[in-house]
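Here come two complexes built around chain A, the first alongside chain B, the second alongside chain C.
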Partner chain A sequence: MEEQKIKIEICCGTACYMLGAAELLRLENIIPDQWKDAVDISAIPCLEACSSDNLGGAPFVKINGELMSNASVESVCEKIFEIMKTRGGH
Partner chain B sequence: MMKNDSLFVEMECCQLTKDGQSACGDDFQWERLENENRNIAVLSDGLGSGIKANLLANMTTTMAMKFIRSNMDILQSAETIMDTLPVCEYRKISYATFTIFDMQIGGKTKVIEMGNPPFIHLRHNIEIVPQNQKKLVSERWPDREMTISELRMEVGDRLIACSDGVTQAGLGRREYKFGWQRRGELKFIQDLITREPNISAKDIAQAVAYEALSINKDHKCIDDISCMVIYLRNPRVLRILTGPPFRKENDREFAALALPESGANKVIICGGTTANIVERELRTRVEIDLKLVRFSKGLPPPGKIPGIGTVTEGILTLTRVATDLENDSWEDSPPAAKTIIEQMMDSDVIEFIVGTKVNEAHQDPNLPIDLEIRRNIIKRLQDVLKQKYRKHVTIKYY
Partner chain C sequence: MSNGAERMRRELMIRVVRDFTEGKLEETIDRIPLAIRPKHSQSSRCCIYHDRAVLKYRLMALLGFASENETDETRTLKSYLQEAVARKEKVKEPPLSVCSAGCSSCPDSRYNVTTNCRGCFARPCVFNCPKGAITVENQHSKIDYTKCIKCGKCEQVCPFNAIIKTTVPCEDACPVGAIRKNADGVAEIDFDRCIFCGKCFNKCPFSAIMERSQLIQILQAIRDGKKVVAMVAPSALMQFPGTVEQLFSAIHKAGFSDVMEVALGAELTTEHEAAEFAEKMIAKQPIMTTSCCTAYVELVKRHVPEFLDKVSTTPSPMRYAGRLVREKHPDAISVFIGPCIAKRLEAMNSDEIDFVMTFEELGALLAGMNIDIMSQEKWKIERPANATARNYAKSCGVTEAVILEMQEKNPEFSKIGFKLDNKFINGIDKKTAKLLKLYAMGKLPGNFLEVMSCTGGCVGGPCSLIK
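Here is the complex of A and B:
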């Protein structure tokens, strides 16, 4: 069975966008070509993490449903790489 | 654009200035008399061209507007206008033409014309020939005949008037021996409406003016060109939902205002939390096209909810919309701001549905710039849309 794609949801709400999501939204163009088929990137109006005190700082990204705070292109790529490793790819 | 009863009277005019002149020799003025529910528009063509013609035309429209507004006798008004205008040394006439549209509540309309090409009245794209028409001649100005037509405007009707720069376009070219003429103009407008039955007054006025220009030899503007159009129709409503409601229990009612059956022609949802509420309450999904990110130019990309409308980020986008509207320039705006502005321009009524709950995240001291308060932006938008773009704006807080 084909392996499930890694689901990446980038918040493009006001707070996240101002604090770095603008960069993150370009993720699709930044990640290596060989990863492209393995990830599914989408944008979300607001992940609703911005209004909580205890979830960390914006920008927020959800990777396979798990919330990541203070996300950057590097930290997201690292996470993708980690997931791929545990799956035994690359 | 103005509201007449529950209908809308869209009044627009497009003017092109004769090549080499710094001012247009035609003038257009319109006014809505709120208390009387009456709309008046005047188009005048001043003798000659340039500043002098512009002054003659402007004096004419200003006086005509004043006389009509105060219901002064028509013949007496026209005489006063002609007496006031300076007389041309060569032709010994004081010369400025005019067409006046005076539309009252219920569509009762008077058209007063002197010297301009006869107006056009269209209903279901068919020309209606005025049934009730009379001529008036002043004893003192026997060569200046006025035509007064009385008619009734129905929903969907259009009135069109132009200066002779339109009907005489093309003069001097073999295929337009007598110019484009009213016939040519009428056929052109009917073709436009056949292609796009709900075409706006503004689009017709512009299309006619530029067509006249293109018919002219070498596309030169050999005379001032003006086309004024009045369109009586149902208002087009754009509803903008922005901000989460103060009380959560109002979320459902708030979100329901985004539904197509709730009376708006178009809906835009501005704000991430707002979009989430609509998604949740109406069980829909926002789709954001990441391909637009490349062009997003400082604003998050717009998205849509199928069957509902456009979705954008909130404060940053609305602030940009306000600024671009104030500066009258959105050609190069980011897609999110541009799509909002274009939808605003296509509408007569703009209804803001504003949720008043404060978004804690917007107070975050880490944010690189201070965000304006939603209410203030909406106020700015209301002002500019009303004053500069003649839109009818309503605001409802939740």
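Here is the complex of A and C:
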């Protein structure tokens, strides 16, 4: 059976977008070719994770449903790599 | 995020809008520096107290005040906020300010010989220095700074990369030598020389150069129930998530009563610019140069005044857009939204424009009000501007628009063998500023010269979201 794709959801609420999500949208072009079939990257409306006093945590990204704060191209790639390792073989 | 300074600037803007919208900014504003740098947190400068002091001045600029004008250090931000809220008239003071607490007083720019120097036998530094400023002592090159002219040849020729330059980023970035260190070693802008291009603002790694915002005045006008109309510069395309129609809806939701494309003003600029060009060429003027970029016009005014009579007198797209707003909504407050600092200066001297807001500020405004662009309905743009007008945002956009207009409206020009010979300067720096002197002397070819202060045109503006 084909393994499920790793789901990367980039919050594009205005705050996240201003504080780094705009750059995260480039992920699709940055990630290595061999990963392209294994990940599914999408820009989604506001996750409302930055409300209350959590603005410093923006930008937020959901990876397979798990919320990541202060996401950067590096930290997201690291996480993808980690998931791939646990699945064994990439 | 391209850097921490940019992030902090935006985060502060969002906090200010959020608290203002919730009606609690008066109570919170003096606490913001402490909330961002609480006790025992990590500091970005020497200590959290220094960070907090700079944050205070940053907030002051966001309220529209220059730290240079501070007379009472104990005055609270709350008191500045109250003054900002009560301000009804346009503030006619330079839109940039240097925060002395933030300035690192970078050491003077010069070339240094590092320990990488091996005192080699070939000594290309010594042989290539045009001023004989380099000698070798104890197997180590030494620069005599009384002779050095900072040409950088030694740096280029050293086989060990042993010679490096220390820089003063703001001074190096300024195309017109308007920023210098004062007697205390703190950067100071000479506003008689400054063209408000925003290059120092973008380049200072300590983020000590700040814009004086009008955000509070705009927010207050909206709160007071006034009619406030947004005019969005064409460079907004691709700067925000979602579509332009969704962005316009978001702006409307934020409290603006109408939203208009500045590109509609650009259509009028094209028409008049082409007509003026034809007129000037008939009058045998050798060259005409564009006037839509404010920083460029200021550059000519302040540094190449002999070229001023060649600058087109056609109003900029922003001003034409302002006129359209005044016609449609005579009782409204007009707000230009763009990526530019220099437009703040132009707006101060234009009756058609009341306030200026940057893309960063617009983003913060929407974020602070929890308005998500991607979930908005599509705004019905009454009459979309044409593609050539929207293209003003890019370098050579004006030229292309004028060429097209000339072909359509003035076909007789090509019949008599007249040719529009366009030249352009894509980004003003120290070198291109000098090039203009040559244009003024009539030593360079071309009869239509377009100059854009930012590389790539307005899309590369100092306050754009994506560079």
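Here is the rule we go by: the second predicted complex is superposed on the first by the 85 of 90 C-alpha atoms of A that agree within 3 Å, B and C clash if a C-alpha of one lies under 4 Å from a C-alpha of the other, contacts with A are read in each partner's own complex, and residues count from 1 in each chain.
By definition in this document, a contact is a pair of C-beta atoms (placed from the backbone, for glycine too) under 8 Å apart; a residue touches a chain by one contact, two chains touch by 3 or more.
Here the structure is a predicted model, which means the values were calculated and not measured.
Colleague: For A:Tyr17, using the defined touch cut-off, is the partner it touches chain B, chain C, both, or neither? Pick first, second, both or neither.
Modeller: both
Colleague: Quick check on the superposed pair: does A:Gly56 touch chain B, chain C, both, or neither? Answer first, second, both or neither.
Modeller: Only chain C; A:Gly56 stays clear of chain B.
Colleague: What is the contact status of A:Gly88 with respect to chain B (first) and chain C (second): first, second, both, or neither?
Modeller: neither
Colleague: According to the stated criteria, A:Pro45 is in contact with first (chain B), second (chain C), both, or neither; which is it?
Modeller: After superposition on chain A, A:Pro45 lies in contact with both partners, chain B and chain C.
Colleague: Have a look at where A:Gly65 lands relative to chain B and chain C in the superposition and call it first, second, both or neither.
Modeller: neither
Colleague: Could you pull out which residues of chain A sit against chain B in one structure and against chain C in the other?
Modeller: 12-15, 17-19, 21-22, 43-46, 50-51
Colleague: If we count contacts the way the header does, which residues on chain A are in touch with chain B in the complex?
Modeller: 11-15, 17-19, 21-22, 25-26, 28-29, 41-46, 48, 50-51, 57-58
Colleague: Mind pulling up the chain B residues that touch chain A in the complex?
Modeller: Within the complex, chain B contacts chain A at residues 271-276, 279, 286, 288, 290, 293-294, 296, 298-301, 303, 311, 313-316, 359-362, 364, 366-369, 371.
Colleague: Using the touch definition from the top, list the residues of chain C that touch chain A in their complex.
Modeller: On the chain C side, the touching residues are 1-2, 7, 10-11, 14-15, 18, 35-36, 240-242, 250, 360, 363-364, 366-367, 370-375, 465-466.
Colleague: Help me check something: in the complex, which residues belonging to chain A touch chain C?
Modeller: By the definition above, chain A touches chain C via 12-15, 17-23, 43-46, 50-51, 53, 55-56, 72.
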